[in-house]
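Take a look at these structures.
In what comes next, chain A is part of two complexes: it sits with chain B in the first one and with chain C in the second one.
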Partner chain A sequence: MKIAIVSACSAGIASTYMAAESLELAAKKKGHTVYAETQGTIGIENAISLKDAQLADIVIIARDIKIQGMERFKGRKIIEVGVAEAIRKADLIIERAEKEVIGK
Partner chain B sequence: MEDEKKHLLDIKKHLLTGVSYMIPLVVAGGILIALSFLVGGYLGFQTEGTPADYLMRIGGGALSFIVPILAGFIAYSIADRAGIAPGLVAGYVAVQVNSGFLGGIVGGLLAGYCVFFLKKIKVPNLVKPLMGILIIPLLSTLVVGLLLYLVLGSPIAAVMTALQNWLTSMSATNLVIFGAILGAMQAFDMGGPVDKTAYTFGLAMLAQNQFTPMAAIMVGGMVPPIALSIAAKLKPAKFSPSERKHADAAWIMGLSFITEGAIPFASADPLHVIPSQMIGSAIAGALSMVFGCALRAPHGGIFVLPLVEKPVLYLVALAAGIAVTTTLVVLFKKDLPKEEAEDTAVVAD
Partner chain C sequence: MLFLYQIQCKELDDLSMEIAQLLDPKLIRFQMESQEKWGAINELIDLLAAEKRVESSEKMLEAVRQREAEVSTGVGFGIAIPHGISDTVIQPSIAFGRSLKGIEYDSIDQKPVTLIFLLAIPKTQHNQDYLRTLAGLARMLVHKPVIEKLFTASTFEDVLEVFQSEKQR
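Entry: the complex of A and B
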């Protein structure tokens, strides 16, 4: 399945990227297609386009702060987690995402 | 509806959003002012046209936006872009009435909620364009500004003064405890909510011209990744191959005050690693406070050492913290079973 990931922590220099990376790795390990956007202190990187956003089966938001551009994901299934949780429990979060998508 | 309530009550998210937009200003302003002192001495900036003068003016300019941006983006987090204008003004007024960052937080929240509810009001289509461009910005800015000037400003200012007096008149014992707590909070979750709580407090103190807490916080945050890297070099048998590989990069992260560098070690063996880090960071933080090390920059690690007041003692605090954490990790962490030490163990990085 297609997973869109957006992450943002308060300082935006380390945790943001670690969260995106660990979720991305965990998702790829399960064979999913991943778009991972980071909203760090230098701005948005690997921005997810409206088209990709709407194609995602599920959206994982790892955030401690407000995420920009949430309207892209209108109508998509969204899971929200904290940044620390995303870094430490990426596998569990991906499992949860799979259940959300397949379960319904 | 449920989601909306959750959003409104998620004050932590709103505060951290404000803080995230504020940090670059504190970094630029704090470092520029410290540089002014470095090149011109403590009074150098008073001579017009000198490098110290320009550094001070530009740095001071950056700092003067701290509270307005904090308040503006707290309001943005609550009410989207319509929150920014009243939030900025709320922050400005908070500074005018000497209520500092606390006034900025309160003002930002008020502005955000005010705009949020004004946006909810149902109006005839004819008036709708006027709401966005005229009524919401005008009304919210006026109401929040008046509230701060007439009602909330002075009580908040009194709280800030009390806090400042408490900080400046702290006894040596309290300094030790205070510094130890700030340091240990960094090591507890390495970039997580507890760490960020201490860090946000340090930022707030910078905005109040109190520079010792940030020094204690930074040194506490530098200890874990450096100490764990050293421990992994000293006793490789206690670390998995991927941890050992991570150790090559983690010490640089530590020197740069990116405490997250210790997470892979901590998540592989939290029960031994986290307490060891907390004790070392507590010692480093306590020493920094007792020595009176002060730091105007909220980030930068070893690279802002020239800007630290009492840099040599600061290094002593850092080295002491590293020595303690490294020793404790080496003592308490067990050797890994042979196959795990050789295979690529799964590490949460």
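Entry: the complex of A and C
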């Protein structure tokens, strides 16, 4: 499964990256391919291209603030969670993503 | 796959060196006295002030307060990463505290904090490098082996080693 992740927290200094890393770890543990973009104070890193965005089976948005470039994901299945939730419950969120895609 | 792994090694190797520049043995307290959020944050700010990393403790506290007012930086798993960007920061720094008893922190998961990293960031246009290091540190803090090793670290070198050895994962 291809999972696209975008995270952004209010300060953009630490939580954004913890959320991205948590989700990435949880997804890789289950053998998924992951694209994880962070939108923080240092700008956008590991930016997900339109092509990769459209190839994603599911998009996980972990945010406390508005995400830039949501139009890339038009037509994709999207799960939205809070940043704190992403850090604490990454495994559960990935399970939820699997269910959405496989339709279990 | 192997290629990707090597890239990751390099990044993490650099990370521990960068963290070494922001941390200092005098900015670490392995046994925090305070068992309450603001007491603990003040305890770490005092370390920064004593080492002349910040000019004014009050201004640093204010910057941290502003950030905490948005969302608590007690992110769960017993970890807190309070931080402040302020012109009172003389030298970008990380202060690290550990509490075996736990600190009541108003964490997102309501659990007490055992590992607390206070990040002091200067208010300049040129703080991108530090912010990148802090982002790297934050990423490491969701890895269970890192948390476990920080819990048993007893020297400055041990702490750096945690971030160094994680490259072998």
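One rule holds for everything that comes next: the second predicted complex is superposed on the first by the 103 of 104 C-alpha atoms of A that agree within 3 Å, B and C clash if a C-alpha of one lies under 4 Å from a C-alpha of the other, contacts with A are read in each partner's own complex, and residues count from 1 in each chain.
Following the convention adopted for this analysis, a residue touches a chain if its C-beta (ideal position, glycine included) is under 8 Å from a C-beta of that chain, and two chains touch if they have at least 3 such contacts.
Note that the structure is a prediction, hence the values are computed from the model and not measured.
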*Now for A:A20: first (chain B), second (chain C), both, or neither, which partner does it touch?*
second
*asked:* A:C9 in the overlay: touching chain B, chain C, both, or neither? Say first, second, both or neither.
replied: both
*Touching A:R63 in the superposition: chain B (first), chain C (second), both, neither?*
first
*asked:* Just checking: does A:N46 make contact with chain B only, chain C only, both, or neither of them? Give me first, second, both or neither.
replied: neither
*Which holds for A:R88: it touches chain B only (first), chain C only (second), both, or neither?*
both
*Is A:T38 touching the first partner chain B, the second partner chain C, both, or neither of them?*
second
*asked:* So chain A touches chain B in one structure and chain C in the other; where do those two contact lists coincide?
replied: 9-11, 13-15, 18, 21-22, 41, 64, 83-84, 87-88, 90
*Would you tell me which residues of chain A are touching chain B in their complex?*
8-15, 18, 21-22, 41, 63-66, 82-84, 87-88, 90
_For the chain C and chain A complex, residues of the former touching the latter_ = 67, 70-71, 73, 75-77, 81, 83, 85, 108-109, 119, 121, 128, 131-132, 134-143
*State the interface residues of chain A toward chain C in the complex, per the touch definition above.*
9-11, 13-18, 20-22, 25, 38, 40-42, 64, 83-84, 87-88, 90
_Contacting residues of chain B [partner chain A, same complex]_ = 12-14, 16-17, 19-20, 23-24, 76-77, 189, 191-193, 196, 199-200, 253, 258, 260-261, 263, 267, 299, 348-349
